[in-house]
Structure formats: structure tokens, C-alpha cells
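Worksheet: the structure to be examined is printed underneath.
Which chain is which? They are A, B, C and D, in the order written, and residues in each are numbered from 1.
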Amino acid sequence: MIKPKVAVVGYGTIGQRLADGVARQKDMELVGIADVAPTLALRALKEKGMPYDLYCAIPDNISLLEKAGIPVTGTLDDLLKKVDIVLDATSAGIGQKNKETYEKYGLKAIFQGGEKNEVADVFFHGYANYEKGLGKQFLKLTSCNTTGLIRAVDCLDRAVGMEKVAITIIRRVADPGDYHRGLTNALQVDKAPSHQALDLMTIMPHVNATGILVHTPVTHGHIITLVATPKKKITKEEILAQFNKHPRIRVVRLADGFLGNASLFKYARDLGNPRGDMYEIAVWEETIVPSGNDIMFAINIPQEAVVIPETMDAIRASLEMQKDRLGAVGITNKYLGMK
Amino acid sequence: MIKPKVAVVGYGTIGQRLADGVARQKDMELVGIADVAPTLALRALKEKGMPYDLYCAIPDNISLLEKAGIPVTGTLDDLLKKVDIVLDATSAGIGQKNKETYEKYGLKAIFQGGEKNEVADVFFHGYANYEKGLGKQFLKLTSCNTTGLIRAVDCLDRAVGMEKVAITIIRRVADPGDYHRGLTNALQVDKAPSHQALDLMTIMPHVNATGILVHTPVTHGHIITLVATPKKKITKEEILAQFNKHPRIRVVRLADGFLGNASLFKYARDLGNPRGDMYEIAVWEETIVPSGNDIMFAINIPQEAVVIPETMDAIRASLEMQKDRLGAVGITNKYLGMK
Amino acid sequence: MIKPKVAVVGYGTIGQRLADGVARQKDMELVGIADVAPTLALRALKEKGMPYDLYCAIPDNISLLEKAGIPVTGTLDDLLKKVDIVLDATSAGIGQKNKETYEKYGLKAIFQGGEKNEVADVFFHGYANYEKGLGKQFLKLTSCNTTGLIRAVDCLDRAVGMEKVAITIIRRVADPGDYHRGLTNALQVDKAPSHQALDLMTIMPHVNATGILVHTPVTHGHIITLVATPKKKITKEEILAQFNKHPRIRVVRLADGFLGNASLFKYARDLGNPRGDMYEIAVWEETIVPSGNDIMFAINIPQEAVVIPETMDAIRASLEMQKDRLGAVGITNKYLGMK
Amino acid sequence: MIKPKVAVVGYGTIGQRLADGVARQKDMELVGIADVAPTLALRALKEKGMPYDLYCAIPDNISLLEKAGIPVTGTLDDLLKKVDIVLDATSAGIGQKNKETYEKYGLKAIFQGGEKNEVADVFFHGYANYEKGLGKQFLKLTSCNTTGLIRAVDCLDRAVGMEKVAITIIRRVADPGDYHRGLTNALQVDKAPSHQALDLMTIMPHVNATGILVHTPVTHGHIITLVATPKKKITKEEILAQFNKHPRIRVVRLADGFLGNASLFKYARDLGNPRGDMYEIAVWEETIVPSGNDIMFAINIPQEAVVIPETMDAIRASLEMQKDRLGAVGITNKYLGMK
């Protein structure tokens, strides 16, 4: 088998994890990464001995990187000539500009949630609409919150049908190490409905969704509460059974010491996961309660890593490496070490 | 008219504000306050020139207070002999012990939300069940979150009837100046359903309620999102009309700069309100969205002061100063300067 | 006596407090304030019934203010024609631009610490260099940290002489209610030496100063530690005696419950101070320790209000209302209610 | 060579990292760890497939652990019978109690900084007083702040002699994942002098030290500023040269993106370090400034992992595996992958 060749463009929080994710897929080959300046991420890459080749997207900056001791293999164009597909993890808006270049080289590309939907042929989620991504040239992933949210909603929707969902997103406002954004002793409210609810409806048009988002001054994972209206009654036990068998959902218990988003961050570090990351969303068992015929529960979204599995799925869909939804996600799960 | 004589026992965050609140009621007389040690609140009282007489609830501690330069008028028993009713704002559990003393003196008493419901004859909310408090010896107020929540739910319930409500409480974890509790870079999830939802059902038994509470590391106000199922359809305009005419609800707009709980704290300081407090809950206009026939919106609870108006109402009910619900809350509102 | 007429231009965190401060000076008259848009501060001013007349610095924005229900008395030019001196509390850099207008009207003006030193004829501190401000047209105040720091250093310098000081500024990163800046779960280090140390040397050129500044994610007051080298040995008791008799320094004790910056914020609110403000810096008694012949201690800087007294002093100096340093600061202290 | 057999008692934040550290020492054998309840750390150990054998220090709790699916190899006594030395990382005060048991089995033991100094024969730091630990039965490590602080002070002391040091500790108040302690929007001041300064003098009695500690609501590393008085003048270049050649000190630059403690945490994760840990303290190059003949600079202490290298050194000293200070620390550094 010839492995498809993959490039990661943009080596920030998401890009680093995409590169690691591709490197773990035994049926793909990571050719290299591209970035533009000697960031901490690139300094760390160098200190690790350059496990991935670096290409520089701004040729004039090559000397800047080399002055920092970071070896550069070539330009972005050099990289693009060697690959079949690009994972674009640049800052919001840059992907749209890069698209022209990808088109020039006839490449497929997967964009992240920060880009506008128009950048892509299909707005994609590995579990919810894998089939729509098959063979498409340009896919756009859902954002971290939406990706995790859809995992939970799609899981129950496939079990009993989902009519509507009203979500409250308790959003972490920055990632660990962020100094360019932050909030201090304040909760911040966004205009409703939140884009995550609207995005969910784009991916799952048969579900009505709305939501309110509140930013909170923490860094270790979003928490979302859902008030979900199923098409037929479902018990707490049945919900747990569905979640427990989903490879990208981890059911946890307050009683076991999983007290909040920081417990899950700690646990992923204690597991020895690379970068202390977790791919799974978590559901707290003790938060599942009925509200009449609706059900209410809370999930945790590990914002730095949650989109990695679905992006691997997107490669499989775009390159038609696997036609079958469950087959595709299953291979991703296996290579990423998910149960 | 002979004004009823009131004592405030416990001069912490709530007790200080209860004393200020009673002092503003022209039809009541604040006889004094009681506490047990030279706290910052008492040091500030002294620096202000002792506007309220202090009684010491632990006679052995009088010398401790005097050594700190804080004049003591007498013991708790001395205070209780002079009054008709006590506002007990002691730490959770102490009120239950104090009750015996109040009974000994044949006094009426209002307890705060930290006490168990059994301490009182009735669990009270000025707007929602004023009539139940009439003439009762012992009343217990709802907690800060529940008090503010019920204002909003009762307001809509009286307009169109409310069937059920599912709430997400994004709780501030400590008050400004608290060093005995806190949370750092973590969200903490509580077992569902939250006690606030259960308490709402005790006060408003015809409404089904559930909820999830998440603690956040901030100090300036809880935010609650509600997914409410009305008995008949209600539009955003009708909701706004109801909230706008409620004297204890303030409709605010993100577009005007009210971006979150910290904006409301700042605004109350800029208003020159004593202690920078706000009695009203706030509703963000831009968060009111439909979820099918349900409605969703977000409110802000200024935890330090929100229970003061309803506690004033409770005095009126217990002493039967006013038989009529709207008459009673109206007088409280007038004296507290609410629209 | 004809009272000098004062305008406050810029009604943000500092401007609001300057206006309140001038209004409390019985020998000055606050003619009005100027700003440009319907901020929360102006909405609060309106809700309070417009105790100060508002002038609009951007004529085209008058309709915007009026649409928000905020009455406008005239333009900035209208205001400037009526006054003798301007307190400019606009955002950093705007003061420099406004200076031309002030010059056009032949006005004196006091700028805040955000402006560059070049904007003014003298860089001013009421206690440390009052005489230098006498009769000057343009004065610039030191920033909040520097103002408080100089109070402490000048106090000891006048007592025993000060050779050098090395400071660590543990800076609050935002004010309560700020959403435009913040930091989340991070300490941020600045390039040394900090500008506050350099500024101190500009005001007190006979003292050698350096320092490191670290931003922290809190809103209630900076804390500065000082390692100070006095010209002759000074004991802890002598230090305390000096600080205790300084009207703008408050000696506090951990043992009394003043555990940190948040205790002082709480205490100012409990005192009933307008906006919950405090003009005094605080020194923690239990932090005063020797380091060889040096002394080390920690102070608290209430960043929102600390510069108000020194700005009132600056008016007195610029207008030569008082020739004598101690006479001038004494009158400011009296009107601001400082011991 | 027969490798010494090591047990780790207490598998919390420090214990986990001690176990990992011993496992990386090729000249030691980790026999097992001991703890008492199904913590998240043990649940993670189980999910990783039990790389370390678990012994239960409370026999009655074995069933509790087994019910959680965590296999137990034996009791604490079983473990102690198999080893030569114990690393006690239990909660403060428990080590003192455990000491009797260790004595019963004739074992050597290394305690952590939370225990009282009396627990041990010598208060130990690998770089500063290695020789004092040689052959001793009971050693106590310095705490995280003191360990990192001494690295820097000892480094300069050996170069030019150190007369005195005055430190400001800007302390992180909790570890990532901690829910049992925290601080919200507050800085907290401790009584001076801080214990870290006193501890430094115990280890380095020829240096005079004092300091002030301020707690801050963050989780990713303490920052300490030092005002150090060297015995002879030292330039910034010489300081940098000394720090640059110290294997446990990492010189970093703000200009490279190391903006604060959170940057270092992020960098360690990006390096792929286990648990996202860093063993080195960091010095910010741009903070090194003169204060007369004194020098001032800021260091970062990664509180979770910083004591691991010095604890490995302590094993070498206690068991006399290596007589020579630099030889011993060099082997530790090699096995831990430090430059």
C-alpha cells in the first residue's frame, strides 16, 4: 500500500497535535510541517531533534528561523509539491488565502473551525456526516466545542432520535500558555444563539438547536450543559449505555474524583498522554437528570486535542481511504489508542 | 406609628447589607447588630464611627473587641430584649442553634438560605409566596441564586404560566475579599439536580425544575441560563415587557457595554451604590432566544445583595405590617430605591 | 474667594474618580466633564441624575449620547472656555493631542501617567516634588504604582535618607469590570528595569532604583515589595512610626484580617467609601524585615484611586493656590477625608 | 552491579514523579509504590496497565482499590521488606509517623519538604550540601521553592561568593487539577520572613537571607525575584555564563516568547516531556539588572517536578552510591535527560 502523504500547515496548538496525530496513523505519511517564525512550538521541535521536517511559509523568514538554530528543509511550495493533502491549521482567515495555493497544486485540504464555512465544499464531522466528505477536495472541521458537542448529540440521535437541544457553553477563554488573550475575574456573555448551536444544525439539519455561551477565566476544557429533547423517552441507564460504548466519549464520575475540567486535564497528564492531551470528551454520570421528558447532562471538551480524531477521519473521507463511516472512525480510533 | 424594632445577628457579607437595608426602611428601626470577633467588617464599622450599636454574642469576647478599639453596647441577650424580630445572618448551622434563644425571648426571626429548611415555619420569597409568610414566627429566605432565579421564573409564571425549567448555574465561587475559599483555574461540577432547582420547586410546587451547577473562579455575580417551558407561547417582546416592568429585574444589553457579571459590578460602583452593591438581577436582552416552544435566556445574580429586598419583605410578612403582596414588596422597593 | 474652575476630560476609571475628587475640594469648582461615547460610566452618571454636566469631545457623537438618553451640555470647546485648568484622563496618547487645544485656550492641564513625560513641563508627585509644580502650565502625574511607591520611599527618605531601592511589582493586570484586557492562569514577566523604578528616579534623582514587574491575574490592587537601602540604619519601630503618621499610608496587619489586596478592597467597600475606593496605600506590618542593613517590606496600591490625592495636589501647585508642600497636601487630605 | 531497591510511599503529585524519576535511573530499581485509596493517580496507573506494582498502606482499603479495578500486590509492609530505601512523598506529617516503620525495617528514607526538619538527620540539597547527606539514614529535601532558589544562589555563591539575598516569592497557589485549595481574584501576603529564606540559611549558613511570599491565583510555576549581594562584583555576562553551564538551570528570553510561568509549562508539554513536566528552573535573561553592587533577577520554579533531581541525588548520597558531589548530580542529570 502506498501511504498518502500529508502536510500540516500552521504549527500552533492545533497544528502540533495534528502532526502528532498523523504520525500515529500507520496508513499515512507525515511529510512535514510549515510555519513562519521561531515560535515556542518550533523551538521545542528543535530541542526534540526535529522529528518533523520544517518548511517555511514565508521565504524571507528562513534566516530568522536559522538564526534561532531551527533547521529549515524548504519553502511551503517545496512541501506542497510532495504531498497529497494538507491539514491547514493556520490562524483564522489565513486558510482562505492559502486555499488558492492548494488549488494551484491540485491538492486536497482540510481546514479547521476558525475558517468561514465557504472555504470548504463540506462542513465535516467524522461521526455525524462522514459520508458527505467522501472524495471532496476541501473539508472544514467543526470547532472544538461543536466537535465534542456533536459527538454526544449524534450518539443519542442515532439511538433514539433527537428533536432539539438547548446548550449552555461554559467556555474556557484561553489555552495554557496563552498570553495574547485572557479574562480576569469576569464571566463574559455572548449574543445568543451561539455559533456552535447553529453549526450543529448545519451538520445535523434535522435537529433544532440553540444556546448561550459564557466565557470563563480558565484554560483546561470547556464544559457544556445540554437540555436535549429526544424523539422517544430514554432512561439514564440507556444514555449511559450509549455513551459507554462510544470510543470517543468517556463516562466519568464525580465520586471517582473527576470534579471538573481540571481533573480531566490532570488525568490526561497522569496517563502519560503526549502533551498531557485527551482526545475524548467526558460525560459526568452524576449530571444526567430528567427534565420532564427532556434529558439534561454536562460534558467536558478538551479544546486542544478534541478535533484531532475527526480531522484524521476527514483525511480518510477526502482521500476515500475508507468508504464506510464506522470503518473509518474505527481505524482512526485504533491508531490514536482510543478504546 | 410605632416602628418595629429589628436586630441583625451576624455581621458578615449578608449581615452588613441586612443592617444597611433595615436602616433604609423608614417604617422599621434597627436597634443593633451582633457579632463575636473583631472582623474587618467590625473594624470598618468602628472607623465609620459606629453608625450601628454592636452587641457581642459571646460575652467572653467583649474584651477582645474592646482591645481592638471597637465599642460594645452589650450582650446578644441585651439586644434581644429590645427587639421584635431578628434577622439571623450567622454562618450556616448557627441559626439553628440561635433559634432556641429567639424562642426563649418570644421573638420572630428570619433565617438565611444557609440554614436547613426545618429551621423555619415557611420557606419564603417576597414575590413568589409572600402570603405564606404572613404572621409566621420563623421564616427562611431562599439562597442568593434561588432568590434571583425565582424572581425571573415567578415573573413569567404570573404572565403565562410556567410548566418546567432546566437551569445551568455558572456560580461565582467566592465573594470579593474571601480568603477562606477559592478555586484556581478550574471549573467544578456538582451532582445534579442542583439544590436551587429543588428549592424553586418547594416555593413554586406547580413548576418542574432541574439543573446543573458549575463553580467558576470569579467573584462578581452568578450567571444562570434557563431553558423554560411556558404553558402558552410567549414572544421575546412579551418576555422583555414583563421583565422591564418588574422592579427587581434590570434588563441590560451587551450592545450597551454590559458584557458580563463584572460589568454589572462595575456599574453598581459607578452608580455610587453603597458598598458598590446591586439589588436587582439582570437579564441580558440579547440572550433571549427560542428553543422550539421553550425560551432560553441568561440572568445575573449579584450574590452579596440580592437577598436583601426579599428579607425586608419577610419582616413585613412575619410582622403582618402589610397583608398585600404587591403592597409589601412595593414599600420595600421604594425604601431601597428600586425603580 | 473665587474658586478655580476645573474640567475633567475623559470619564473612565480615573476620570470618574478625578471628578469626584474635585467635587470634594471645597476650594475648587468642577464645571463639567467631557467624554465621547455612551459608556457604562456615562450611563451610570445619567441614572444618578447627571450630578456633573457632560460635554462631548466629538460633536458628531452628541446624537449618539442623546439617543442613549444622556443629556449633553455642550462641546469640549464649550467646556474649555469656562475653566481655568483641565484634568486630562483620556486614554494614553490622546492627552498629547488634546494639549494643543488646551494651549489654544491658554489653559493649564494635568496629565495622567499614561502620557509620555514630554507632554508636560514637570513630572509631578504631591509629596515628593510639590515645589517643582508651582505655577507650571503642564504637569504629568506619576502612574498608580509609581505614585504609591514614591509615597513610601519619600516618607522614609525624608526620615533617614534613602540610597537605593530594588522593587518587585506584583501587578494586578486589569481593573474590576475590564473586558478589554486580562490574563488567565499565568504570571507575565516584563523586561527589567520596570518603568516605575525609572520614574521614581526622575522624581527622586538622588535615589538609585531598579525593579522587576510581574503581571498577575487579579483586579484588586498591586502589591510591591521593596528592598530599600537607607542612608542610616532604621529599625522596624521607626519605620512604623514614620508610616503611621503619613496621612496617605495606612499600616495594616495580617493578624487583623488584612490578608492581601482583596481584603483592602473589601474593607474600602465596608467603609462605605464612594465606589468602594481607597486613596491610601497600605503597608503590612508583619512584612517589615531587615536584610542586613537594608529593609524589606510590602505595600498595596489601590490602582483605581491612588492618584486622585496627588492630582488634587497638582491643581494646587499649578494654580499656586498654596505655595507650601505640606500645606497643600494637608488641604487635599482634609477634603478627601484622609486622617 | 546490584541495583539498590527503591520504594515510593505516597503516589500524589510528587510521588508519581519520584516513581517516574527512579524508573529512569539505570542504576536503581523501583520495586513498587504505596498509597491508600483509589485516587485519580492510581486510576491512571491502572489505565496505563500498572507499570509500577501497587502496595496498600492501609490493609483495610485493599478491597476498596480492588473494587475500583486497581490490582494490589501487597501491603506496605510487604513492600518495605523488599527495598533498601524509601522515598516518602506522603502528606505533610504522615512521613513523621511512617518513620517508625522505616526504622523497624532498618530502612533508609528520604522525606519531602512538607515534613518538619526534625524528621531527618540532614536537610539536603543535591548541589548545595551533597556531602552532608553521605551515608545518612534519614534525609529531608528542601521544598520546591527552596530547591529551585538554592540552585540559583548556590550557583552564584560558588562563582563569586554570596553575602546576602532578599527574595520575593510570587507563589502559585495550587497545582493543575487541585480542588482542595485555591484562591480567587486575590493576592495573599504571608508573614515575613518566608520559610524559604530561613530554609536557605539552614542549607547555606554562610548566606544571610530574608523574603516575602505572596500567593497568586495561578497553577503553573512559582516566580521568585532575588536581590542578591555578591561578595565581589559580578556582571550580567558572568551571571549568564554561570547559569548557562548549570545543568538544572535554563536561561530563557522574553524575546523568544518565554513570557512567564505559563510559557514554560506550555514549552514542557510541547517538548513531549512526561506529564508535561520540567525539571529545570528558568532564569529570564532580560530580568537581570544591577541594583548598585547588588544584582536582581527573576527565576521560575516548576513546582511539580523541580525536587525530583535533588531527590535522586539524595538516594545516591544516603546509599553512598557516589562520594563525589558533581559526580552524583551528573549521573542524575544524565538519566533524567538534562543537558
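Following the convention adopted for this analysis, contacts are C-beta pairs under 8 Å (C-beta built on N, C-alpha and C of every residue); 3 or more make two chains touch, one makes a residue touch a chain.
By chain, UniProt protein names: A, B, C, D = Glyceraldehyde-3-phosphate dehydrogenase.
Note that this is a predicted model, so its numbers are computed, not measured.
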Which contact partners do chain A and chain D have in common? B, C
A-B or B-D: which has the larger count of contacting C-beta pairs? A-B
For chain D, which other chain has the most distant CA centre? B
On a C-alpha centroid basis, what's the spacing between chain B and chain C, in Å? 35
Averaging over Cα atoms per chain, report the distance between chain A and chain B in Å. 42
Where the centres are mean C-alpha positions, what is the separation of chain B from chain D, in Å? 47
Going by the contact rule already set, what residues in chain A reach two or more other chains? 176-179, 184-186, 188, 217-220, 259-260, 262
Complex contacts: residues of chain C adjacent to chain A: 173-174, 176-179, 181-186, 188, 217-219
So, in the complex, the side of chain A touching chain B is made of residues 163-164, 166, 168, 170, 172, 185-193, 208, 210-212, 214-221, 223, 225, 227, 229, 254, 259-262, 284, 286-292, 294, 296-298
Touching residues of chain A toward chain D in the complex: what are they? 16, 38-41, 43-45, 47-48, 68, 176-179, 184-185, 220, 256-260, 262-263, 265-267, 269-272, 274-276
